[in-house]
Amino acid sequence: MALQEFAPIGAMLLFAIIVASIVLVISRIFGPHHPTFRKTAPYESGMKPIGPGTRRIPVKFYLTAVLFIIFDVEVIFFFPWAVASRELSLLGLGVIGVFTFILLVGFIYEWKKGGMEWE
Amino acid sequence: MIEINAQSIAFAILAVLTLGGGLGVVLNRNLFRGAIWLMVSLFGVAGIFVLLSAPFLAAVQVLVYIGAIAILITFAVMLTRSMTNLGERFVRRTAGIVVAVLLFFFILLGTILPVWGVDGTRYDDVSAPAENVATTRELGVALVDGNQFVLPFEVASLLLTAAMIGAIVIAREDEE
Amino acid sequence: MDCSSVVVCDLLRSGGMDPGLAMFIALLLGVVLVTTIPLVTVIFLIWVERKVAARIQDRLGPNRVGPFGLLQTFADMIKLITKENITPANADRVVYNFAPLLSVVSVVLIWAVIPFTPYHIGTDLEIGALYIVAVASLGTLAIMTAGWASNNKYALLGAFRVVAQLVSYEVPLVFALLVPIMLAGSMGMQDIVYAQAGMWFFFMVPLSAVLLFIASHAETGRGPFDLIEAESEIIAGFNIEYSGMKFGMFFAAEFIHVFTNAVLMAVFFFGGWWGPGALDAPLLALLYLGLKSAVIYFIYLWVRNTFPRVRIDQLLDLNWKFFVPLSIVNVLVVAFVLKILQELQIAVPLNASTNFLATIPMTVVLLLVNVAMTYALIAWLRNRGAKARQVDLANQHEDIVVAGAAGD
């Protein structure tokens, strides 16, 4: 049963969170706590903070993330194939070859279009 | 009648996580926090996949949805101008309620009908789930088997390529 | 779950305890143990890391607190605990405090599927390798939330850089991981170890091992890829606003992650706990795994302290234009060669993979293919480098001419 296999993981998740929380609580108890205006101000190399701390980011980060998602989904398809690859015929390899080839076309297009340049 | 065992308790916790996360997404005024609630919700869904004896899908759920889509969403949030305080509230309350009720009704219908069955046969007989559970190996064989999923498999790669090209077209549009 | 395979469970039951309760206690003990191992190991690892770094840089390293400075980490821990926890104004308090927790938990959870010995593993999932990748990707989320919740420009910029780096290098990492999965025909961690009984995968597919090594190095954000810290540019990156033990948790998570990667390298390419006599003596098996991991961990430290930092454009170029295509081609080539070997009846079936001699022909062929690929790669890179240098030289020459003309 899947539940029994995963139960230890759930228990580990709980236990790790508890241990980590305890450490944080201990440090909260033993550490001093005297927040002042200057102390809690965002660190900006000693200058007065200018503008909000969170701001818009360049689109190139977004493009990297999109590229990552596409390859992430691709690799998901590779996993079952890799597990079964010993039992498959040469045809199975051909199928995955075509799969990769189609993606490679998009990859090369992106490359040539400069989607991977970081400027 | 619902039997109280480890399975049902786990399901209850995960259902609360999933629905609570979903509520958090909808009700939160801060986009980034909404994204975090979305991850909680997706995590609950991964747990439900585990309960359904589909660990592969659970791992995929965590890897793709929490590890990748959620990252993309936070990036997208950072691309917007006012991510922390949305200006005016969306106020068409009556229309919203009507749509919500209709949607709920359709989902309910969609859930109940298959269980009832069309001709009186019940499909909720889960006494022998082991027969339906496919291993990852069987999935791999099915994906490249000419009689099974080879066409959807190749089309999926076409879809991914289209997404890749779409991304570059959108992101690089303004530079030319 | 079978009670008879767990020693503690057997012991409790023989003491007349209810089997269900005995199983529960055994499970709980196992969970506590598996979670504590990485958390305790890290205390020792920090000392090792500082000592090795010091020796490489011709220093002594910590040597005051305790013998050989062994207690230095404990002193540091006490210091971190007694430091003030400053939460910056305007920070998103809940998310801010949650991020360090998530970063530790995501690394610790990986240990659930690491096979320590033939009989000791948190849980031997059918999808072990995929589970590792999935859980590790949660760490990225921790950094993202930390950077955002701090409400600091450096933190946000640092977080975005790191996330771009981590997600990029996850692609070659996962593709490199596919090769041992393919060779073992399973994603289960124990299956992968058993499949290497006759021959370590490293000798069959060294290129994949190197790819995994580099990608996992980038995933931990150290060595030449430590843009996470980049003191000279973004001060400390995403954790700039974290102080005291909260900073300590990010710090610990990074160290555990590096060691985890070393253990994973050992499991995927160096036979894990497998060694002579490992099946009969679990302690010996644990020792083998520890030794292999320690050697690999040392190489991680060596690389970290030797190479200069790369720029972010170089980092991402290197990944998308070199590692990603290479890792995909590598998977397909290995799959192709493996298939040919199977057709020619040279490949060893999985149930006979304990036989060392039988694996030799297959290993030789795979190794030759890998060497050929590596040679072609190096030749191509050398060629490219030479061309780039020529262009540089030509540009320099022009610069000099122009400068001379301006001087007249």
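Labels for the chains are A, B and C, by order of writing; each one numbers its residues from 1.
We take it that contacts are C-beta pairs under 8 Å (C-beta built on N, C-alpha and C of every residue); 3 or more make two chains touch, one makes a residue touch a chain.
Please read these numbers as outputs of a predicted model, since none were measured by experiment.
A.B. asks: Mean of the CA atoms for each chain, then the mean for all of them together: which chain is nearest?
C.D. replies: A
A.B. asks: If you average the CA coordinates per chain, which chain's centre is most distant from that of subunit C?
C.D. replies: B
A.B. asks: Could you tell me the distance, in whole angstrom, between the mean C-alpha positions of subunit A and subunit B?
C.D. replies: Once rounded, the distance between the two centres reads 18 Å.
A.B. asks: Take the average of all CA coordinates in subunit B, do the same for subunit C, and state the distance between these two points in whole angstrom.
C.D. replies: Result: the chain centres lie 29 Å from each other.
A.B. asks: At least two other chains touched by the same residue of subunit A: list those residues.
C.D. replies: Counting only residues that touch two or more other chains, subunit A contributes 5-7, 54, 57, 61, 65, 67-68, 72, 79, 82-85, 87-88, 96, 100, 107.
A.B. asks: Which subunit B residues reach two or more other chains?
C.D. replies: 32, 55-56, 60, 63, 67-68, 71, 75, 78, 136-137
A.B. asks: By the touch rule stated above, which residues of subunit C touch at least two different other chains?
C.D. replies: 125-126, 130, 148, 156, 160, 163, 167, 170, 185-187
A.B. asks: Enumerate the contact residues on subunit C facing subunit A in the complex.
C.D. replies: Those in contact with subunit A are residues 1, 27-28, 30-32, 34-35, 39, 80-90, 97, 100-101, 104-105, 108-109, 111-112, 122-126, 130, 148, 150-156, 160, 163-164, 167-168, 170-171, 174-175, 178, 181-182, 185-187, 235, 240-241, 244-246, 248-249, 312-313, 316-317, 320-321, 324-325, 328, 331-332, 335-336, 338-339, 342-343, 350.
A.B. asks: Under the touch definition given earlier, write down the residues of subunit A that touch subunit C in their complex.
C.D. replies: Result: residues 4-9, 11-13, 15-17, 19-21, 23-24, 26-28, 30-35, 37, 39-45, 52-55, 57, 61, 64-65, 67-68, 71-72, 75, 78-79, 82-88, 90, 93, 96-97, 100, 104, 107, 111, 116-119 of subunit A touch subunit C.
A.B. asks: Provide the residue numbers of subunit B that touch subunit A in the complex, in ascending order.
C.D. replies: Against subunit A, subunit B makes touches at 6-7, 10, 32, 50-56, 58, 60, 63-64, 67-69, 71-72, 75-76, 78-81, 83-84, 136-141, 143-144, 146, 150, 153-154, 156-158, 160-165, 167-168, 171-172.
A.B. asks: How about subunit B: which of its residues touch subunit C in the complex?
C.D. replies: Residues 30, 32-33, 36, 39, 55-56, 59-60, 62-63, 66-68, 70-71, 74-75, 78, 135-137.
A.B. asks: Residue numbers of subunit A touching subunit B in their complex, please.
C.D. replies: Residues 1-3, 5-7, 10, 54, 56-57, 59-63, 65-70, 72-74, 76-77, 79-85, 87-88, 91-92, 95-96, 98-100, 102-103, 105-107, 109-110, 113-115 of subunit A touch subunit B in their complex.
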